[in-house]
Amino acid sequence: MSLALQTRPDFPILERRVNGRPLIYLDSAASSQKPRQVIEAVKLYYERSHANVHRSIHTLGEEATALLETARDSVKEFIGAEHREEIVFTRGTTDAINLVAQAVGRAFAPGDEVIVTEMEHHSNLIPWQILARDRSVKLKAVPIVAEGFLDLDAFDRLFTERTRLVALTHVSNVLGTINPVGKIVARCRRAGSLVLVDGAQAVPHLSVNVARLAPDFYVFSGHKMLGPTGIGVLYGRREVLEGLEPAWGGGEMIKEVWLDRAQWNELPWRFEPGTPPIAPAVGLGAAVEYLGKLGMERVLAHEQELTRLCLDRLGALEEVTLYGPRNPEIKGAVVAFNVKGWHPHDGAALLDQDGIAVRAGHHCAMPLMRKLGIVGTLRASFSVFNTPEEIEVLARSVANLKFQL
Amino acid sequence: MSLALQTRPDFPILERRVNGRPLIYLDSAASSQKPRQVIEAVKLYYERSHANVHRSIHTLGEEATALLETARDSVKEFIGAEHREEIVFTRGTTDAINLVAQAVGRAFAPGDEVIVTEMEHHSNLIPWQILARDRSVKLKAVPIVAEGFLDLDAFDRLFTERTRLVALTHVSNVLGTINPVGKIVARCRRAGSLVLVDGAQAVPHLSVNVARLAPDFYVFSGHKMLGPTGIGVLYGRREVLEGLEPAWGGGEMIKEVWLDRAQWNELPWRFEPGTPPIAPAVGLGAAVEYLGKLGMERVLAHEQELTRLCLDRLGALEEVTLYGPRNPEIKGAVVAFNVKGWHPHDGAALLDQDGIAVRAGHHCAMPLMRKLGIVGTLRASFSVFNTPEEIEVLARSVANLKFQL
Amino acid sequence: MAWNLSFAVTGRYHRSVLYSSVIHERFRRPRFRGELPDPDAQFEDVNPLCGDRVRMALTFGNGGIAQARFLGDSCAICTAAADILAEMVHGRAFSEAEKIGVSDLLSRLEADIRPSRIKCVTLPLQVLKGALGQVGSRT
Amino acid sequence: MAWNLSFAVTGRYHRSVLYSSVIHERFRRPRFRGELPDPDAQFEDVNPLCGDRVRMALTFGNGGIAQARFLGDSCAICTAAADILAEMVHGRAFSEAEKIGVSDLLSRLEADIRPSRIKCVTLPLQVLKGALGQVGSRT
C-alpha cells in the first residue's frame, strides 16, 4: 500500500474542506499536520497523567515524569544519539539556536568569527546577529552558487583562525538543497571550530543520525515532524554540553541554590529551566514513534517521488520559474516557484480558492530572496499523506492562474 | 451550587483512582489539572485548524492565526491589560523572566542593582544571578520577617540610586503570602526603577488587573491556571516594551532582514521569535474563558474557604508545623507544613498511598528553606474542583502518619 | 482592538469576493504608479508579513497635495490600495488627506479583505501618513 | 540507559511495598550514622531533586576501609541506603567497596524503589565513590 493511502486516515484534518474543495495541504515545511496518534497522546496525557515533573513524589507526578523522559528516550533513538543527556527539550528550533548562541557566545571575544550561509532561515541568522551586536563578534556568510548550492571554496576562504562556530542548515527551507553537512562538520572539527546544524527541514524528511554526522549541536522543531507546537530539540554532544555554562536560569536546572549563587543540575536538565512543555514533549514522542514505524527510508522515497512529480509538472509550465536543485535526490520535500504575472501572495490566495494550501512570501529567508532578486516565491512542500493526485491538482491550478490575469 | 460540584465533572482526571483510592489532587500550585474545555480546544485546533501562523495566505493559516491572536485578546481581557501589544506569549513564567532579564539587563552597567526577595522561586532568582554574573550587577534580597512577610523597612534601606529593577513574587508559592505589590510598584515608579512581578501563583487565584497594578512587567504560566503546558505570558507596559531591544532572535520577530542586520517587527511579535506554541496558546485562551465564566471572585472565595479549613484542621494536630500567614484572606491557595518525625518526601509518599497528591521538598525556594531552617515542607494547594471533604481526608491521613512512625 | 475571528468559524469564501474587479483593474493598470521627480515629501515602509515595500511621493501646492505617486513591487491588494489612495489624495487639502482611514480604502476596494491581508491595505496608508508627517518640516 | 516506565501504565502500588521493614528499621535506628573524628577521606553531595545532603566519612587501614560513617538530614530511603552502604564497606578492602553497585543496594533495601526516588538510593553511593576517589591522594 502506498504511504499516503496508509497514513491519510490518521490525519483528521484531511476531512476538512476548504472553499468547498477537499483540503490539499502542501505546507508541511511551515508546519506539518498531526496524526490522530499524536493528538490522542496529548489528550490522554491531560486526561490521565498530568502533574508537574521531576520533583513529585506522588503517582501522577511520577507518571508525568516518566512520560516526559520516555519521550526524550524516543527522540534519542530516533536521531541516533548516543546518550539521553544529549537531548535537551526546547520550545523549537529558534529557541534552541538562541540557547546555543547565548550559552556558547558568552565565551566569545571581540573579533571572533561566526560563519552562516546565505540560505539560512532568519532563525539561524538573527541569533548570531544579536551575538555579533552584543559581543563584537564578526558574522560572515557563505555565498550560494548555481541552482542553490553552497560555495565550498568560498567557505574555505571565509574560515580563519578566529572562526569559533559555523551555523548552517541541513536542508534549505526554500531551495530544498541538502547541504554536505558531514564534510563541513569534519572541516570544522579539524580546525577546532564548533558547528551547529539546523535540522528543522531535515529530520521530518531524512533519516538523520547525529552520532554519525557528529555535529556539536543539531536542532529541530516538533511541529514540522508531525508533532505538537511548542516543543523542539537541541541535540548537543555530551562533551560540549558538559563544558557549557547555561545562559538561562530557573527551576529544574539547578542542584543547589543560595541567594547569591547556584550550582547547576546534571545534563540535560541544566539547560531546561522552568516547567517543561510536558504535553508537547509527550506528543513529540508519539510523533517520533509514528515516523519510526513508517520508516524514514519509506518516508524519504515517498516524498522524493512527490518532489520529482511536482518539479516535472510545474517545470513543464512556461509561466513557472523553479528555484533550487532540480534533482529530487539531493533535495528536501519542497518546491519553490513563481508564476509570471502574479505576486506570490496573490498566487497563494488564488490556489487557496481551490482548496490548496501553499506558502507564499520570503519564507523567513530575506537575504536569500535578495540574492535571487525576487520578493518571494510560492512554495509547495510534502509530507507522508500527500498523493500524486494532489500534485496534479496543484499543477492544474497553477496552469489556470494565467487565465485569471 | 458549590464551585467544586459545578466544576468537578469538567476535569476528566478526577475519574482516576490512585492506589485504589479516588485521586485527591492537592498540587495545583505546582501544576493545575485541565478542564475538558481546554483539552478539547487543543484537540479541535489540531483536528481542524492547524497551520503555521502570521505568514500564511491560505485558509488554515488564517484560522490558526486568528485563534492564536484571539487567545491573546482573551488573556489581555482576563488580566485587564490596556493593549494587546502588551501581551507577549512565552513558554512560561521562567521563560518570561529570562526574557526580561536579558533584554532589560543589556542596558545595565556594572554596579547597577537588582532587588529580589528571600521568598522568590528559583525562577525569579537565577535569571538575576546570571545577569549579576554576566554584567557585574549587584543582587540584593529583601528579608522576610515573622510568619513570612516582606520586611518593607529593609526594602527601603536596600533601595538605592543604583537600583534599576525590583523583581518580586505577587504570591509566595510556599508561604502563600500575598505581597503588597501595589505599594512596591508605586515606590519603584517614584524612584525610577523598573519592577517585575511574578504572578505565577496569583493569576490562578486572584482577580489581577495589571492596568491598575501598573507594574512594568507581570509574568505567569498557563499550566498553573488550568491551561496547557508550554505556554506563559509576559505582560509588559507598552512604553517599556517599545523601548526594549530584543535579546532573542528568529523568524516572526523581524520586519526586514539583511545578512548583517535586521529591523524588528512591531509589538508584541518583536519578542516572540520562532513559531509560537500555537496549540498551548489556544488552550490558554480556553482556560482563561473558563475561569472568566466562573468568575475570579468566586474562585477566590472558594479557595480561601479551603485554605481556612486546611489551616484549621492541620493546625489542630500537635505534630504538624505550619508555615506562612495563618489568615487565609491574606494568603494564596497553598498550605505548607511539616509532620514531626517525617521527612517531607516520606510524608508525601505515604499520603500518595491514600490517593492524595501533595508536593514535598524545597518547592524551588531553597534560600527560603534555609531561612526557615528546614530542608523542605509538604504543601497542599487548591483549585476550583477541590472540596472540603478532600481536606478532611488529608487531615485524617496526616494524623495517621504518626502511627506509621 | 480585538482580532477579527469572524471567518475562522466557517472558513468559507467565494472566489468572486476574493479580488473585486476594482482590485483586478487597479493591479493590472495602476494609474498613479510611477516616479515623481523632485517630490516635496516621500516615505517608504515595509510590510512585516511579506517584506513588500511601498513608497509614496508627494508634491505640495495650494495648502494641499498637488501630486501623488507610488512605487512598489507588491501584491494585487497592496498595489490597488496604493493606487486608489494616491488618487484619493491627489489634488486634495492636507486636512482632507489626513482624514482618510482604512474603512474608506476598504469600501473603495469593494472586496472583503481577509485579516491575513489587511496589512496590504494599511501599509500604503501608513506610508502616506509618514509622508504627510513631513509637511511640517517643509512648509 | 532508558527511563523506567514500568509503573506508569497502572500506577498501582501497595502500601506494603512502599517502605520495607529494612528501610523502616534503618531509618528509625541507623547504625552507622554519626561523626567520624579525623577521617582519612570524606565527601558530600546533594540530591538535585530535593536538596538533601549526605556526607560519608571513612578511615583507612590494612589496604581497605577501617570505619565508615554517614551524616545527612535525608528521607527514609536515603538514610537507609546510606546506613546499609556504610555497613557494607565498613572493614572491607577498597577493591570490594568499589564494586558495590545500585543493584546491590536495592536488593539489600528489600523494596521496589520508584523511579522518582531512585536518586535517594544512588546519592549515598555517589558520595562513597567520591570519598574513595580520595584514596589515591591519601595512600
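Letters A, B, C and D mark the chains in the order given here, with residues in each chain numbered from 1 onward.
By our rule, a residue touches a chain if its C-beta (ideal position, glycine included) is under 8 Å from a C-beta of that chain, and two chains touch if they have at least 3 such contacts.
Values in this document were obtained by computation on a predicted structure and should not be read as measured data.
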{"item": "Contact-graph separation of chain A and chain C, given in steps at minimum", "value": "1"}
{"item": "Most widely separated chain from chain A, with each centre as the mean of CA atoms", "value": "D"}
{"item": "Where chain A and chain D are represented by their mean Cα positions, the distance between them in whole Å", "value": "44"}
{"item": "CA centroid of chain A to CA centroid of chain B, Å", "value": "30"}
{"item": "Geometric centre distance via CA averages, chain D-chain B, whole Å", "value": "36"}
{"item": "Set of chain B residues in contact with two or more other chains", "value": "18-19, 49, 55-57, 59-61, 254, 256, 345, 349, 352, 360-361, 366"}
{"item": "Multi-partner residues of chain C (each touching 2 or more other chains)", "value": "11, 13, 49-51, 117"}
{"item": "Interfacial residue positions of chain A with respect to chain B in the complex", "value": "12-13, 16, 18-19, 23, 25, 27, 30-31, 33-34, 38-39, 42-43, 46-52, 55-61, 91-95, 97-98, 102, 106, 116, 118, 121-123, 125-127, 129-130, 132, 134, 139, 141, 221, 223, 228-231, 246-254, 256-262, 273-280, 345, 348-349, 351-352, 356-361, 364, 366-367, 370"}
{"item": "Of chain B, residues touching chain D in the complex", "value": "18-20, 343-346, 349-350, 352-353, 360-362, 366, 369, 375-376, 405"}
{"item": "Residue numbers on chain D that touch chain B, as the complex places them", "value": "11-15, 18-19, 27-28, 49-52, 73-77, 117, 120"}
{"item": "Chain C - residues contacting chain B, complex", "value": "1-5, 7-8, 11, 13, 46, 48-51, 114-117"}
{"item": "Chain C-facing residues of chain B, complex", "value": "49, 54-57, 59-63, 65-67, 69-70, 72-73, 84, 254-256, 263, 265-266, 269"}
